[in-house]
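Look at the two complexes coming up: chain A is in both, with chain B in one and chain C in the other.
== the complex of A and B ==
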């Protein structure tokens, strides 16, 4: 059974998908330099306008349902990918009251987010995946496999993460947070920008006029270090190779790679090496995190949606923020490139050396 | 919806009211620097994987609250305006335990981490069944909860055992004739997030080798 991405919507620092694509193509970063979280310095952050993560998720899911071929989600499996779940609300209570007493443990868990959607939309079943920054990429991986084996006709993947003090300050403690807007793949890059987003993708077993095919998924573990990637890029390469194998495609079939591209020194160096070893300079590669920031558990779903738009628009986006490319053996475009985009690989990598690659492409 | 039959190849469980003693860490994590960084969930996971004789391959890990001890350390450090530990932050993600297993055992295969509230272990079993079906391989499904943190009594209303875990190694059964639905063989006082897997472990200990589960 084939899997198709038939509908999607998102909300991030740049707004909805239409606004985000405009920002990406015009190289208009939606990142801000903010003092909210860090006392002595700024942090480049991707902050979105919203009331709370629960109502925002409901709003975005409602839009996807409205634009889909479904009347409801009663025969749909919900798979959520998130790295912080309900922590945003709970840490606010803790910092205000200096106690756990008024924290509802059920509101802390990842499942707090799925529960709210199940109550609102009545999904057939739900599950929540939390593998840090690959969470929603792994939700997409499972969605494809469930459709492959004919277990479900419809799977709704939701990637959702709100900004938390603990994540911003945690990345700061790791010394990987940039005080300014990030510059993926640039020689002078100084780190990543933490961001927040909600992204919703409807994966189905039927093709519609608007479909993009979810052709392959791949994953691997580095088994190298908790936060640093394997310097030979072995995990990243295997992840991309597994996606190609699953899709029964070769590297020559790929036209664009939407990179994990966080702009940390380690990630971009290793990911560029992985792309170089596997593809040489035959494929365009860049990171849209220069616009969105790193939306953590939502990143896989956000970037899968961006990749769908790239295929539909016949337009490879430019790399925002790039001045001096570090690895000159890969093809990073500073301006948009108009061309038929047959297939895209979207990479997501996470703490623990957890790697996931999603391969999507035009339908035949 | 589709269901599959799973052979239970091996199983293990462990729990304690406060802290599980002797998880055989020195043998399972011989590198001292690595061992010192291990979270409680990681130690329990290593122990259970060893008891299941699992050396490497695809892992599905489940936990409702996962590394809450590290999360609490971070929150308290922020509250007290003290230095935030980078190790605590890197150890606070939900895939910490299986990631340490992969580091120690040089396991480069896939890791999926499920956190579905009180049905975490059921969803972990479903995910393990999917992984077994797609890959044709043996899958380790392991779940744990470690909520033995300072002031946990302020919020703990759901368990008598602050540390607990269970694990099975499964593969797709070729013969489905004797497959049984998961029975409710709960361990009283264990957090609900672990009970489905505890039940499967208990079924295996009572002689059941094949279970049926919906994907």
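== the complex of A and C ==
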């Protein structure tokens, strides 16, 4: 059974899809340098305008439903990918009151977000995946697998993460947070920017006029180190190879790689090496996190949407923020490239060497 | 949907065993920087490893109804009540896939690993996820189902919708699953929803279905287990291969 991405919407620091794509193509980063979360220093952050993560999710999901071929979600599986779930609200209450007394436990855990959507839209079934920065990429992977075996016809993948003090301070403690806007794949990159977003992707087993095919998914585990990837890029390579194998495509069929590209020293060095070993300089590669920041659990879904737009627009985006490319053996474009984009690999890599690659492409 | 069970392990936390000490002394594992939730997962994994061969490319699914609530309580207390900075390894342990990383590393696994959480049909949904992936990859899979009760347990009971005087336990249950019947000790069948008007009794933890399956495997008995959530039910059938 084939899987098709038939509809999607998002909200992030750059706004909706249209605004985000405009920002990406015009190299206009939506990141800000903010003092809110850290006492003595600034942090480059991707902050969006919204009331709360629950109402934002409802709003974005409603848009997808309106534009879909479905009347409701009663025959749809919901898979949420999130790294912190309902922790943002829990943190805010605890920060104010120093007590758990007024925290609603049903809005605290990972599946608090899925439960709220199930109550609102009456999904047939739901589950939540939390694998840090690969969460919604793994949700897409699972969506394809479940459609493969005919378990479900419609799967709604939601990637959602709201900015939390814990994540900002945690990445700061890890010394991987940049105080300025991040510069993926640049020699002088100084780290990543934590960000927030909601991205919603409807995956179905039927093709429509507007479909992009979810052709292959691949995953691997380094189990090398808790926070560092395998230095030989073995995990990243296996993940991309598995996606190619699943799609029954070869590396020559890929025109663009939307990289994980967080701009941390370790990730970009290893991911570039993985791309170099597998593709050489035959394929355009860059990271749109220079615009959005790292939206953590939402990143896989956000970047899958960006990849769909790249295919539909016949336009490979430029790398924002790049001055001096570190690895010169891969093809990073500083300006947009107009061309037919047949297939795209979107990489998501997470702590613990949890690697996922999504391969999407034009429909035949 | 049907899979074969090659091996299993079960452990319910009690005061008699110091798991951290056991992991260090008996299994020679590095337990530094980890918390009790991770130790429980690692211990169950080692018990499974004693019973079967775990291959490098086996897939790993770690599932939990509530996840590691203990670390959320701990970090919030540090940051907002005691005004302490967030400690590096508490932040790392806060993340879902940290536990699956340590489990994969301790078992020498390099295959896909997923941390799935759900309070409705937690275990059965994970079986379905694993089945769908295994059909494609043709690999075996390890499912680790676990719930850890943090102190005070008031939040856990509120999440689970239990009365405050209910008994809750910390438990870890593993199965090694395969599409191949060779050497299996049981077959397990499961599927999607059927309508239901049944009600179930309170569970002592969210992954109780996995524990019940392991009890049937231990006793070499066949099992029909039904879980109910609102108007839906899901059924697991275990048939012992004697």
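Here is the rule we go by: the second predicted complex is superposed on the first by the 364 of 364 C-alpha atoms of A that agree within 3 Å, B and C clash if a C-alpha of one lies under 4 Å from a C-alpha of the other, contacts with A are read in each partner's own complex, and residues count from 1 in each chain.
Rule of thumb we're sticking to: contacts are C-beta pairs under 8 Å (C-beta built on N, C-alpha and C of every residue); 3 or more make two chains touch, one makes a residue touch a chain.
Just so you know, these numbers come straight off a predicted model, no measurement behind them.
Asks: Clash or fit: how do chain B and chain C relate after the overlay on chain A?
Replies: Here the two partners, once superposed via chain A, clash with each other.
Asks: A:173 in the overlay: touching chain B, chain C, both, or neither? Say first, second, both or neither.
Replies: Once the two structures are laid over each other on A, A:173 reaches both partners.
Asks: Go through the superposed model and pick first if A:350 touches only chain B, second if only chain C, both, or neither.
Replies: Both chain B and chain C are touched by A:350.
Asks: In the superposed arrangement, what residues of chain A touch both chain B and chain C?
Replies: Looking at chain A, the two contact sets intersect at 83, 87, 91, 94-95, 98, 100, 103, 105-106, 108-111, 114-115, 124, 126-132, 138, 142, 145-146, 148-149, 151, 165-166, 169-171, 173-174, 219-223, 226-227, 235, 238, 350-354.
Asks: Show which residues of chain B lie in contact with chain A when the two form their complex.
Replies: The contact residues of chain B facing chain A are 1-2, 37, 64-66, 68, 71, 74-75, 78-79, 83-86, 88-96, 98-100, 102-103, 105-120, 123, 126-127, 130-131, 133-134, 151-152, 154-158, 215.
Asks: Which chain A residues qualify as touching chain B in the complex?
Replies: Against chain B, chain A makes touches at 83, 85, 87, 91, 94-95, 98-101, 103, 105-106, 108-112, 114-115, 124, 126-132, 138, 141-142, 145-146, 148-152, 165-166, 169-175, 219-227, 234-235, 238, 350-354.
Asks: Please output the residues of chain C touching chain A within their complex, sorted ascending.
Replies: That would be residues 1, 33, 60, 66-67, 69, 72-73, 75-76, 79-81, 85-88, 91-92, 94-98, 100-102, 104-105, 108-121, 125, 128-129, 131-133, 135-136, 154-155, 158-159, 192-193 of chain C.
Asks: Of all residues in chain A, which touch chain C in the complex?
Replies: The touching residues are 83, 87, 90-91, 94-95, 98, 100, 103, 105-106, 108-111, 114-115, 124-132, 134-135, 138, 142, 145-146, 148-149, 151, 165-167, 169-171, 173-174, 219-223, 226-227, 235, 238, 246, 350-354.
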